[in-house]
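So that you can tell them apart, the chains are marked A, B and C in the order they are listed, and the count of residues begins at 1 in each.
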Amino acid sequence: MPARIVSSRTDAEVALADAYGAAKTRLPGGEAVRHLRDDAFGIFAGAGLPHRRVEAWHYTDLRSLMREALPVAARPNGSSLGAINGELAGRPSFGGGRLVVVDGTFVPSLSDALPEGAGVRSLADVLSEGRPELIDLLAARDFGEGDAVLALNAAMMQDGVVIEIDPGAEIVEPIEIVYATASAQPAASFFRSLVVVGDGAKVRIAESSIGRGGRAGQTFGCLVFKVGDRAEVGHTAAITRSEAGSLRLDSFVADLGARAQFDSFALVDSEGLVRRQLFMRFSGDDAKAQLRGVSLCQGREHVDTTLDVVHRGLGCEGREHFRYILDDAATGVFQGRIRVEKQAQKTDGKMMSRALVLSDEASMHNKPELEIFADDVACGHGATVGSLNADQLFYLRARGLDKRSAESLLLEAFAGELADEVGHEGLVARFRAEIAHWLGERTKAGKGSGGSKG
Amino acid sequence: MAAVQETVDRVKSIDVTEYKYGFSSVIEMDKAPAGLNEDIVRLISSKKNEPEWLTEWRLEAYRRWLTLEEPDWARVNYPRVKFDELHYYAAPKSHSGPKSLDEVDPELLRVYEKLGIPLQEQELLAGVEGAAQRRVAVDAVFDSVSVVTTFKNELAKAGVIFCPISEAVHTHPELVKKYLGSVVPTSDNYYSTLNAAVFSDGSFVYIPKGVRCPMELSTYFRINEQNTGQFERTLIIADEGSYVSYLEGCTAPRRDENQLHAAVVELITHDDAEIKYSTVQNWYPGDAEGKGGIYNFVTKRGDCRGKNSKISWTQVETGSAITWKYPSCILRGDGSRGEFYSIAISNGHQQVDSGTKMLHLGKNTTSRIISKGISAGKSQNTYRGQVSAHRKATNARNFTNCDSLLIGNDCGAHTVPYIEARNDSAQFEHEATTSKISEDQMFYCQQRGLSAEEATALIVNGFVRDVLQQLPMEFAVEAQKLIAISLEGSVG
Amino acid sequence: MLEVRDLIVSIAGNTILDGLNLTVRDGEVAAIMGPNGTGKSTLAYVIAGKEEYEVEGGEILVDGEDILAKSPDERAAAGVFLAFQYPVEIPGVGTMTFLRAALNAQRRARGEDELTTPAFMKRVNEAGAMLEIRKDFMKRALNVGFSGGEKKRMDILQMALLEPSVAILDETDSGLDIDAIRIVSEGVNKLRSAKRSFVLITHYQRLLNYIVPDTVHVMSGGRIVRTGGKELALELEQSGYRDFAPHSAAQPAAE
């Protein structure tokens, strides 16, 4: 093990420090929020951009991958909003209300009112208003263990949405959060949203993106869920529509109350570098959660999913299942840590990651960790990496499918299986279409005829 | 619940000071002054009449070591070693080079007798059935120096070289020069670099082409002297088509201070050769308050250099206060195979961070990892492993299974695997579970008349069976007893 | 001989056995029948000494000796054997290893010598033959990968080896097909002896066609509410348990 490298700050780190210095007086929020920002930026500045020696970023060396920091996006103007409005009009809506965030800024004029029992405000308003309990939830201080990217987002957060669901409310159709890009120049955006779900409430939040701005931007997003006792929450994220060379760092925080049920699914089909980091904590007893995701990767994409699941309550059940399809020279990273604290007896935790590697140039890195401090638990994890099953391929071909179709069929099943569990027809159809689209493009590009081996 | 509670109570009440091998012996020692500098390195080298190239090799490692920092990524916490207070060389005074058994200090022989290690060739020869099969050649290393090697002549007839490495430097310099540091380079890591600078002795094995070693080879390590570090270096080379099974056992006296053990083991297999390396590690674990005990910071690595060669590591780790150990395989030769079978038991305040690395470089290489961790008392037990397939390692296969068992609620069990595939034909499967002995299993066994302790022992033995089966018979029996002793209180 | 006197047992604050009395003489086969959730399995577990039950009153005597203060293994050594409704799987532990460990532990507890390997093998082989257990089963890990019927036969085999004075069979017929019931019953019948008391816990009369009881007890609301001869079982087959509502308005107890 060579000696620790004491390195000076990179260009990107210097630019981010400058950006914070320039923006901090203009960023929303009163005195308390300014302290929060300063503390958070202190964490970031102390650690710098995470690199290989930061265990949670072992396979995604952001310090070397993020060469420059782009300027922070300006507030969207009228003409760009018009174009986005046009695109939105062509998109089917589920009727649960659509909230639109453009370049990190919530745009009420493009957004719907939410159904009864749900309310929304902009993050900027909430920060300015300064209700301590909401600021505390937004700060999510005891998540992520000083993760530099999460801290950077807290320091720089410009805007986002704060959704509150009344206790006992049942919101039937998904509330959508749609991210759009308007800026004409490559830019960075920092947004943070909060969903507070009251005790016993039911809601589903669906995140997606529209528009291909033709620019390689940098987005630092964060979504915080505070789930009350007995609440049932569904969450989906479609991480799509970004450009080669772009950088997308999404943090996700969920704090679950007693007997809460939480279900999250994400599809990543995006170019450039994508990192999703999910911090979930079972705070109350007897809660159940499922985290699932499918990543479709090609080109030189680098897709990282990192989980940090903490069991604190008694008798909670966690199921994490992530799948990857890796083609070309893509790199997949799955890190999952299940931590069972001493008092979290009767924890039932299972984690699984499966990767199909379709090209000689592609790589998959898996690090599923268990950290167990309670003795009465049943925890396990599994990880597989491999190519398509030769027996299945042969079977399909013996039934008359050509190699390409057989491959596509198996890939579609592999990816689709998890999407099917989302539990909302319209959303399942959207994810299915996205997967089919990815496979279609792949076939069109003439891939997959020679790839798989025994 | 109560049955389990009882077990927990018993585990809590374990007196770790009942370490069976904790006696110390008064033997006159020749010790280097405390601390480390180039002069000490030269002293060690000159004590052994080493050729100049080796002195230089040591000095280069020492200079390199000065630039390194102690690693801190493992899940272990301990007061740092004060390297300047350690003695880097200690040898029994009566000892001046390897001897025949008759010349060995009788006090030393008594030590090994107490440890139950057969140094008496006669006894073994008179041994029971299937003599040829069951004989074990022993190299006994006391603190830093190999004191005796048995069966040398008989092994020589088969062309097998088995001697202290300090002797091999003189008798087979070409082999030592060719292979020393070729698997674990001098600059590999902090502890191995230190070892390269100050290693005192250890075993050297060379199995010539096509030879199946006629008996098990084994080394027993014993740390006796106070404030010494033990830095053995073992080098085993299996030439084309050869086979050897090698056993290693370790004990140390009970002392209040922590003692450092930083060994390096290098294995090399050429085409179609196989090395089976088994360890039963039972260094002093420290007392019930976590005071004293061995820091076991060991680098073990095998290089499957030849095609279709095989290296298999089996370890039963029950001792040491801190264990930092990752016996690994570099699967360089096409078709080569690496195996790692491990039982790691931690109790009291022990901290174990152990596992393996399987680096697939050649085509059609396979590896298998079976790890069983058992944590009791206030101990922390971590499995850390890496499996990786490089671009050109087509058709690499790995199967990993790591299971942890927790006894009591003050301990921790952790699993940290790194699984890295860099081509599309690698097939890696990994599964891990953590559980405790179920109350239903305990009750069932007790209903059939087994006491809580017997039931725990039975279930634990069932839990580790896959690994015990990998040990040579004599060792398996010993290991099973050791497991029982390690979990004393909870196991009958 | 088994004597249960005024036994009161609760779990997590719910009373399940509520002053139960039962005597099974040497050589007697007693059937305990009753609706689900009436405490039959609880009785079996409490006699064997399962820990989560709270014994609030009464006593349990085996051959005149109170066993309530004993641990499960001490009770086993005292002659109590429970054939489990769901025999437990123990991965990695060879069946032979287990049988030998159990037998010798009991022998030691009773001050007897451990069996020699040939003597042990002979007994296992005899018992195995009687219960039609294939030899390769003995090489597997205990109950792992066994079918329901195979597990039950393995339990009866253990009974044959351990020679208890009080044998309790908890729903041994559940989940078994006719052939399996026949084999298990024949095994039990061969093990009937003048020195051994049997308690058959069953929901259905079916098992009693194969193992004919001397007495039949009906249990309800945590007590024995009626006792009769083997004809009582046939009567129950006709009329069901509806005449045996719990003796009080108390909550029907969980089993």
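Going forward, a contact is a pair of C-beta atoms (placed from the backbone, for glycine too) under 8 Å apart; a residue touches a chain by one contact, two chains touch by 3 or more.
Everything numeric here is computed off the predicted structure, so don't read it as measured data.
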{"item": "Pair of chains ranked first by number of touching C-beta pairs", "value": "A-B"}
{"item": "Per-chain Cα centre nearest the global Cα centre, belonging to chain", "value": "B"}
{"item": "Furthest chain, CA centroid comparison against chain C", "value": "A"}
{"item": "Distance between the centres, which are taken as Cα means, of chain C and chain B, whole angstrom", "value": "48"}
{"item": "Chain A-chain B separation of Cα centroids, rounded to whole Å", "value": "44"}
{"item": "Separation of mean Cα positions, chain C and chain A [Å, integer]", "value": "55"}
{"item": "Chain A - residues contacting chain B, complex", "value": "1-4, 55, 58, 342, 345, 355, 357-387, 451-453"}
{"item": "Contact footprint of chain C on chain B as seen in their complex", "value": "1-3, 438-441, 443-452, 454-455, 458-459, 461-466"}
{"item": "Chain C residues within the chain B interface of the complex", "value": "48-52, 71-73, 75-77, 80-82, 84, 87-88, 90-94, 97-98, 101-103, 105-106, 109, 141, 158, 162"}
{"item": "Contact footprint of chain A on chain B as seen in their complex", "value": "67-69, 71, 73, 189-190, 391, 394-395, 404, 406-409, 411-436"}
